[in-house]
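Just dropping this structure here.
Just so it is clear, A, B, C, D, E and F label the chains in written order, and each chain counts residues from 1 on its own.
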């Protein structure tokens, strides 16, 4: 099977900021993204847990984006700003896809 | 710690098709896979959100598979057919594992 | 955008063992981790499904950790012991991050 | 008229309207899927139990059997009408038209419940077997739609990874069939006496739970509309409004021919006019994955469901009174 | 005193204490978020409906309008007091102080409900419009807090990816505003008669559901305390205890000036003294993302909520009886 | 016999059977985990409260204390019998046998509740303290099992990442202990009068909620059986059927010796015969992670639970009437 190189961006982000991240990604021209719920986490000195906090104000999500390197690069600029304000971390890696024109 | 190379296949797929993808993976001989729920997403022109659609017909899941390159290759052939019919995208990357005989 | 290399550790683990894995990671000095719920899975000969088992005793989670290679290496040693007892698999990959001092 | 006004000011409709407006105003509010699904199971258990208990109290007459026959015929036949109508009056392609047609041949259990309240308020007492008729009407429409779609693309074997029997299981053993039919049988076995201790859960709070559920349906319908209307041309949207009327007319004629009672007729007409938005969409994802959910869901949940809930039900009730014997 | 003791031994408080103790003892027990959120929607629907039905039965008097005015003024003004107090008596920085102040200007609907029970037990009948006053008090505090925070960091444009109107939508159309105000209007429209069939769901089980919900709130408060108390200095924790008293005193004075009835006064004082822990935290994540949830949540949910529930409510009820006319 | 038939046609059993059949027929239907867990918390609160309220009304007699003693002894001792039986009659290894033995020493609260209904239907009034006895029997079996397992593999320090006290917390402060014991104490404090306003939530709908919960248990049991039976040899499956009878016989003898009342005896025998499927499996994942859930869950949830629910309970009730004084 012939595969093609793309980038995978993974953003671990507070849930309330997910729509903002989505707008940044759409503006950067990515073809799509998927948001996964997180259950719990640890960072800095504190832990959070979805079912243990009725305010839900510390819930995190994980956004996964497959896109061209160029689009990711455009998105990262604004993500830096977003993550200066909002709680979250991101990482980028290289992956292979089957249908390169989809991304 | 000595690590060994394997492949990681990640399939973002509509939930109703997950069992079909599972059968393809099992037929390809992978040792296991894990299915994660997605919460929301964007693709093409439209957005979906799990809690906002009572029909649940657009729910997506993310399937993660660690396997040998050969098994992944066998699976990809059939996945291409599956993704010709069903909504979804996939990507493959190289990862390191501790116990290579498990996969 | 200038990016920096880090490691991404992904542990697919039974939910009841997640706190133990968390302690191992904290002891290894990672700056954080995130736990995602899984919905279903297949491994060995058996399948499990979160909503189909009232005992919840086979629920799995996926832990994602971005960290320095050195920290991951320290963690892996103990993870090997954990995974000798508990149900789970792990994989490590190389990723790029924006703010290397966070990890 | 008075009936229509009363329907429109019932708490059920008002909470639906609340959800619809909130979604159209882009509120982020949601009802968690797990909670809504739990409520749906509760509602179907309650409906099934009540229907079964009533059936246990009444003999299986010829009229009951005729009602079943009518329901099955309607569910098989209406998709043909819907398919032809969609192809004639909208730009929707064959596969999408077939998938949409399945929704209109099948039924909406919430529309059925809301109609039951209205019909009972007019003093008519529809039979408990109508619940069983509703259950029986869920499935045949799917078969017709698959035949229509197969004609569409002669090629195309089974989807990769599919398994013999998986579609059949999804269609015959989905949650709504299992719970509705199962609770019906349980109700039949336990009868009025056995039902008594569970009434404080299954009967008394029913109306209130329905309010909460309809709030969520309003949110879903509103969001569906906001996202999906761009995918629909005028012809398609009009279809969502006139198709229930056609179905109702066909069903009314059948009720008249079969000499069904007014209350039963009103409910059967409502079932014919209603469109599925949970069971059939799921089946379509398996059977016709290329059909676009944005089309069939926007039609059935965004257009037809609100129409039926507000204007349809009073009309169908009046039609039932008119054609029923 | 007797009232205080009775409050402390009510099942609601006891289940809250159970949750609190379990969390402090590091039990892993949780109530699933989806279920708890479903219960919260139920509680707000029930409160809104009841308030609306009562309002439908009573004319809109000048006293009602004065109560609304008082609520709005308190919600706008109390954050100023809270902000000044926090800055003076604790080491909390300006942004965190502004975010915390928003919580204390806004309200806690569970505290309100618990107070309603206590007030009614004393024989006073607070008006249904107090529910509407509660809804109206949710939002103004957020505006004051944003003005305070803007002063704090003059720089700083909108956050990347933010959209015009998103904060407004979050603040005006969040779940608690939509459900509370929506159900209130529904209750107003349907009146006592239309409310009747839904009472077995919205009235009879209300107290019991509240017990279950408060168990979960106890778990949340306990875990918040265990995680968050290290982030708070003595000044901050003390603030969580004296600030509700200041708010109550201000509100009591206002009630006396406006000649509100004793029952209404008691509830308005409670609203002023209570602090938000669901709607405002969510709004703060959007509006002031740099403010630390560990601080404002620990204060409002971990310190002030338990204080109000146990000692505050009897006191505010007594104050209402005292200043009310 | 009549009792057995009546049990088999109760709605609770019928919904369990519905779920079991649906799962065996490979229906995809599920009850969302969050909703089911919410229902479980409700059930335990209701049981605990009722037990506590009854205890508040009755003095602590010597018989009550003897019942506690019997429960503790049974929970400690029965795992020894179960372990020996499994090792003798099946091919299950030592660790799996120890883990399974823990399940049979501990208890199933749903079996307890179902038995309570049947016992009350015979006119016997079991004491509220039996709820407390049930809570007390949850844990000791785990200790015996750990001692048995330690003998099995002398080596093996604590699992990597484990923390002192985590197992103790899991065992003593899991959801079912916290809610059951907590609600019991709350019920004790508030007494019949304080319980009154929460009855429309905790008493009236209880039976109905149980129906819904047992539908889900049927689904779980059926799926467990379909997946797990291949892991069990004939000896193991037979164990799941005869072990409850052995436990019941031992408990009956103890009841006779201790001269417990017939109703109390019936419930204590049921507790002894029942096997855990939520609390103990979770504890075993922490304490004996190498034991295979497919074995102990299939046995306790797939084999013993259905057996007890259908044939066991009428038998244990009869035994209680026979040995009770």
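Assume contacts are C-beta pairs under 8 Å (C-beta built on N, C-alpha and C of every residue); 3 or more make two chains touch, one makes a residue touch a chain.
Just so we're clear, the structure is a prediction, and the values are computed from it rather than from any experiment.
Peer 1: Suppose you hop from chain C to any chain it touches, then on again the same way; how many hops at least until you reach chain D?
Peer 2: Minimum step count, chain C to chain D: 2.
Peer 1: Would you mind checking which chain's C-alpha centre is most distant from the centre of chain F?
Peer 2: That would be chain A.
Peer 1: Since chain D and chain E are copies that touch, just let me know if over half of their interface numbering is common to both, same, or not, different.
Peer 2: different
Peer 1: Centroid of chain B to centroid of chain D, CA atoms only: how many Å?
Peer 2: Distance between chain centres, rounded to whole Å: 34 Å.
Peer 1: Taking each chain's centre as the mean of its CA atoms, how far is chain A from chain F in angstrom?
Peer 2: Each chain's C-alpha centroid was found; their separation is 44 Å.
Peer 1: Distance between chain B and chain C based on Cα centroids, please, to the nearest Å.
Peer 2: Each chain's C-alpha centroid was found; their separation is 18 Å.
Peer 1: What parts of chain D, by residue number, touch at least two of the other chains?
Peer 2: Correct list: 30-35, 37-38, 200, 204-205.
Peer 1: Would you give the residues of chain C that are in contact with at least 2 other chains, written as numbers and ranges?
Peer 2: 22, 36-37, 47, 79, 93
Peer 1: Which chains touch which?
Peer 2: The complete list of chain pairs in contact reads A-B, A-C, A-E, B-C, B-D, C-F, D-E, D-F, E-F.
Peer 1: Provide the residue numbers of chain C that touch chain F in the complex, in ascending order.
Peer 2: The touching residues are 14, 16-17, 19-24, 45-47, 49-58, 78-79, 81-82, 85-87.
Peer 1: Under the definition above, what is the set of chain D residues touching chain B in their complex?
Peer 2: Counting only chain D, the residues touching chain B are 23, 30-33, 36-37, 40, 159-163, 166, 216-217, 219-220, 223-224, 227-228, 230, 277-278, 281-282, 284-286, 289-290, 293-294, 297, 301.
Peer 1: Could you please specify the touching residues of chain D with respect to chain E in the complex?
Peer 2: Touch residues, chain D against chain E: 9-11, 14-15, 18, 22, 25-35, 38-39, 200, 204-209, 211-212, 215.
Peer 1: Over in the complex, which chain C residues touch chain A? Could you list them?
Peer 2: 1, 3, 6, 8, 18, 22, 25-26, 31-37, 61, 64, 66, 93-99, 102-103
Peer 1: Could you list, by residue number, the parts of chain D that touch chain F in their complex?
Peer 2: By the definition above, chain D touches chain F via 32-35, 37-38, 41-42, 45, 49, 169-170, 173-175, 178-179, 182-183, 185-186, 189-190, 194-195, 197-202, 204-205.
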